[in-house]
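Below: a set of structures, written as structure tokens.
Both of the next two complexes hold chain A, though its partner changes from chain B to chain C.
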Partner chain A sequence: MQLLWQILVNGVLLGGLYALMALGLVLVWGVLNIVNLAHGALIMLGAYACYYLFTGFGLDPFAALPVAMVLLFCLGYLIQRHVLNLVIRAPMFNTLLITFGLEVVITFLAQITFSADFRTVNPSYAGANFVLLGATVPLVRLLAFGVALGLTFALWLFLDHTGIGRAIRATAQNLTAARLYGVNPRRLYALTFGIGAALAGAAGALYGVVSQINPYIGSSLTGKSFAIAIIGGLEKSIYVLVGGLFLGIVEALTALYIGPTYTDVVSFGILVLVLIVRPTGLLGRTA
Partner chain B sequence: MKLGLKLALAALVVGLLATVPWWGSPVMVQFGINALILATLAQSWNIIGGYTGYPSFGNSVFYGLGGYGVAIAMVQFHLPFAVGLLLGVFLAVLFAFLLGLPVLRLRGHYFAIATLGLAEVMTAIVSNLEIAGRNVGLILPLLKGDTVFFELSLALLAVTTITVAWISRSRFGFGLIAIRENEEAAAVMAVNTTLYKILAFALCSAFAAIAGGIHAYWITYLDPSSAFDITLNVKMIIMAVFGGAGTIFGPVLGAFALSAISEILASKVTSLASIFFGLVIVAAVVFMPRGFADLVRRFRQQRWRYFQENIKAHRV
Partner chain C sequence: MKNLTLLFATMTLLLGSKLFAAPIELGASVQLTGQFANTGRYYGDAYQFAVEKINAAGGVKIGNAREKLNLKILDNQSDVNLSVRQYVQLVTQDKVNFLLGPFASDFALADSAISEKYDIPMIQGGGASDQIFSRRYKYIFGTLPPASDYFQSTLELMGQLKPAPATVALLYADDAFDVSVADGTRKAASKTSLKIVVDQRYSSKASDFNSILSLIKSQNVDAILVAGHETEILNFIRQAKTLNVNPKLYSFTVGVPSADFRAALGQDANYAFGMTSWVPSVVLKDDYFGNAEQFANEYKKRFGYEPDYHAASAVGDVEAFVKAIESANSLDPAKVRDAIAKVDFDSLYGRIRFNAAGQINLPQTVVQIQKGKLVPVYGPKGLLEKPLYPMPEWGKR
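Take a look at the complex of A and B:
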């Protein structure tokens, strides 16, 4: 029982971070109808931005997080403005393929610049933890969980209560109507992709604190993000949170009862299973 | 060109290529084997991705299963290579049937990502299998001499291409094209869409599996991350798309052209060769999304406007 409680705590803490990873992917998918296969690579870049700000400038990883977000926002904005906007009305396969290409380019550039070595961000309080009802809670994981939750909430506020947020949601629903109300789709798409990239950057910064990073973590993180998006559906950011927590808990349980090497089998197995049974997501409406 | 003339030309090219191991340098023969295997993979992807319009990102699973069929048969049971190939094909076709049934019901993004997920699952499953050597992999017996492998790969590519040529003019192929263009309409026209899609998937899995088996025996080493390599999938897709998906010779030409360019780059600047495929994908999707075959056809009339028109058609 004690062990199960510990596993649940681990799963929930991991799940919050997973949700943040998926959030940017879901936003871009919902508004631009692009499944960004380079999303994991952007998460990886966020992790490296945080790593270099920490080791190079001695910046605390949680203080480096906003900087990583700004950097990734700029990169995302430029990618959408100068590359993806050129193909956005092409068939779905083409947009999928081009983000695949971007993933390859980003990963190899990262490998050349950062080297293939494993890196970790180790602030002085990395080993600190406390006990909650008998379960050990590592401090950094709890902080990461809190930041992830906060950003999810912030995105919801932004989309629901600001002019730009409304413009983004309007564009997702009906591009033509949004244009008639004065939305400039080129800029708005770039902005949306930029926000998606910034969220990926934040997720990466947190990922670097709780786990090891190398240039190749991207593709499996894209897969996980996609699994969460599918479990939660594309409709509300709160559903993404549920999807993230679900995957986090399932992975933690798998690691305990089946074996740590099987976590990927289970998470991708769930992905394929959910796709087959309910392609609109477990929580989404039926099509 | 008439098809008969095209076939005669193709037969001549195959005949000339078959002589390469007798006069080419070892490096050239090795490059040839790689290019031929990649061309086979691109061509087999063409059946499901090009003709049927289901862009599978999981074809490296078939390639990997083919490799593991050969490796398991030869290392664990000391059976001959041919039996291993059969085992690999059996595994891949079984996989295509079992998973094709649910996965081929999905469309668009969902199909693509589900197949991508399958590739990840297979890597993870095989790394846990004792018989497949877990994540350490298997070492196959060594067969000296590249000539055999070159001729085998060439024969396989020829058979795959002939199959695709047959598909493109058969009732079966018309059914697949109908599914690509409009699946509901195809179903209304009494095309058994489920059966056709699964047969196409199984057919492409068989060719990819044989390619994987030949490659595994040639390299004499196999581990999960190289067998189910996702970048291999990127390569076969971009080669088919670059040459012209849904055409008979496009994927083969695309594979040869891109392999050659990548090889030349690798000899000059190693790091550049690695991002080459990524850059080609981005450039091809932006400037020539319908492939080289379409470029050749339209460039005569439109000249450089061809690229502008492509961008204009798809930009926001």
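Take a look at the complex of A and C:
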């Protein structure tokens, strides 16, 4: 019983980070209709930004997080404006290919620049923990969970309650109508992709604190984010929390009761099931 | 006059062909990029370094002539399928004389099928899985000791520790090498009083070990043995700290001997046990590099990072080819293959002598990270240095 409680705590904390990882992907997918296969590579860049701010400038990783977000926002804005915008009207297959290409290029440049050495962001409190009702709670995971929750909530507020946020949602729903109301989609798309990249940057900064980083972590993170997006559904950004927590808990339980070698099989098996049974996601409206 | 020019030209051509005889081509497909680039680089760099040194010393003696070695390295981007295609290309298009191996058992397992099919000898220093050598292939040789023996010396050491560890958790990744390690460890442990209470295989891409660590913690296990990859082991140790898991000892198949492993973990790397088939000491003499210590220093200066046993094993591969070609006195693949089977020489990596299956046997020295330094603690002759045991709890370091 004690063990089960510990596993659930682990799963929830992991799920929070998962949700943040997928949040940017979901936003870009929902608004721009681009499945950004370079999303994991952007997370990787966020992790390196945090690493260099921490080791080079002694900046605490949680203080480095907003800086990483700003850097990634700028990069995302530029990528959308000068690369993706050229194919925004192209079929989905083309955008898939172009983001796949971006992923390969970013990963390669990262290896050239950062080398293939494994890095960790290791602040003095990285190993700190406390006991809650008999379960050990790692402090950094809890902080990461809090940040993930906060950013998801902030994005939801932004999209639902600000002018720009509404414009973004309007563009996603009906481009022509949004244009008639004076929305400039080109700027808005770049802004959205920038926000998506910034969220990837935040996820990366937290990822480096709990895990090791190297230039090749991107593709598996994209895969995971994709599964979460599908499980949660694209309808509302807040649903991604459900997808992340669900996957985190399922993986933790699978590792314990079925065996750690089966976690990927189970999570992607669920992805397939969701696509068949509830294609709009667990919380999405059924057609 | 015209005849004289022609004669001169012919003579130059003849002389030229004698002076610049086609060098001996060695080919390899190595992980220079991709997820295994971190370890793959040892092979790319060490092959290159060994070939340069051997050429500088005059090359390889065949009959009365001395032939230079030429190395062709292709980057397989850490993709097994690509590496198989590249070995086919090396043999059929580039017509290399002999093959050097890739890093990692999964790769060597697949690529050795090519050397076997085309009857071209391959000496590889990157794959230790017993599976590579259990298929009775004739053209594959390996300079890493058998995977099944990796934890052998660690188990011996554990038998001498006080208070003796009683329970063990065995974790291993689901690739060819780590499965072989686990099989061998299980067998060896059954001959001791140790009891394996957790025995779990995990997915090679795993980054989260919280569930398994929680299980280990709930069972209060004395010793944790992990056979996996460096990325996983880094995560494992960090997560063990955050979940406050405190075994009396833990040991890892890879990572511990590598400098960047210690750099990535900092103080948290302390107390971790590992193993290496190679310790860079002056005792290991070498025809081209002087000794292992000199090699390690030169290597670090040349490439900017410390070599570990992967690099030494790779140098051993190249030197084994040189010895075999010289003793066969020929470039004929079948003759060289038979000569490789008979080589027996001392190198900076240790004594290289292949058994009937094509693998060498070197003892694994148990190493431990003590105060940020890599310390050999237990070798074939017993204790070398006092192991720090039991590990202090995370909160009391």
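Keep this in mind: the second predicted complex is superposed on the first by the 286 of 287 C-alpha atoms of A that agree within 3 Å, B and C clash if a C-alpha of one lies under 4 Å from a C-alpha of the other, contacts with A are read in each partner's own complex, and residues count from 1 in each chain.
The definition used in the following text is that a contact is a pair of C-beta atoms (placed from the backbone, for glycine too) under 8 Å apart; a residue touches a chain by one contact, two chains touch by 3 or more.
Note that this is a predicted model, so its numbers are computed, not measured.
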{"item": "Fit or clash - chain C, chain B, common chain A", "value": "clash"}
{"item": "Contacts of A:Ser220 with chain B and chain C, given as first, second, both or neither", "value": "both"}
{"item": "First (chain B), second (chain C), both or neither touched by A:Ala126", "value": "second"}
{"item": "Which of chain B and chain C A:Val140 touches, first, second, both or neither", "value": "second"}
{"item": "Touched partner set for A:Tyr262, first chain B, second chain C, both or neither", "value": "both"}
{"item": "Chain B versus chain C as contact partner of A:Ala63, first or second or both or neither", "value": "neither"}
{"item": "Touched partner set for A:Leu3, first chain B, second chain C, both or neither", "value": "second"}
{"item": "Which superposed partner A:Ala177 touches (first chain B, second chain C, both, neither)", "value": "neither"}
{"item": "Which of chain B and chain C A:Asn94 touches, first, second, both or neither", "value": "first"}
{"item": "Chain B versus chain C as contact partner of A:Leu275, first or second or both or neither", "value": "first"}
{"item": "Superposition clash, chain B versus chain C, among 94-102, 130-138, 148-156 or 202-210", "value": "130-138"}
{"item": "Chain B and chain C contact sites that coincide on chain A, given as residue numbers", "value": "108, 111, 220, 259, 261-262, 264"}
{"item": "Chain A - residues contacting chain C, complex", "value": "2-3, 6-7, 10, 14, 108, 111, 116-120, 122, 126-129, 136, 138-141, 210-212, 214, 216-217, 220, 251-256, 259-264"}
{"item": "Residue ranges of chain B in contact with chain A within the complex", "value": "55, 102-103, 105-106, 108-110, 112-114, 116-118, 120-121, 123-125, 127-128, 230-231, 234, 237-238, 241, 271, 274-275, 277-282, 285-286, 289, 311, 313-316"}
{"item": "Of chain C, residues touching chain A in the complex", "value": "33-35, 37-38, 41, 78, 174, 200-203, 205-212, 214-215, 217-218, 230-231, 234-235, 238-239, 241-244, 260-261, 263-266, 268, 394"}
{"item": "Chain B contact footprint on chain A (complex, rising order)", "value": "29, 35, 83, 85-90, 92-98, 100-105, 108-109, 111-112, 185-186, 189, 219-220, 223, 226-227, 230, 259, 261-262, 264-265, 268-269, 271-272, 275-276, 279"}
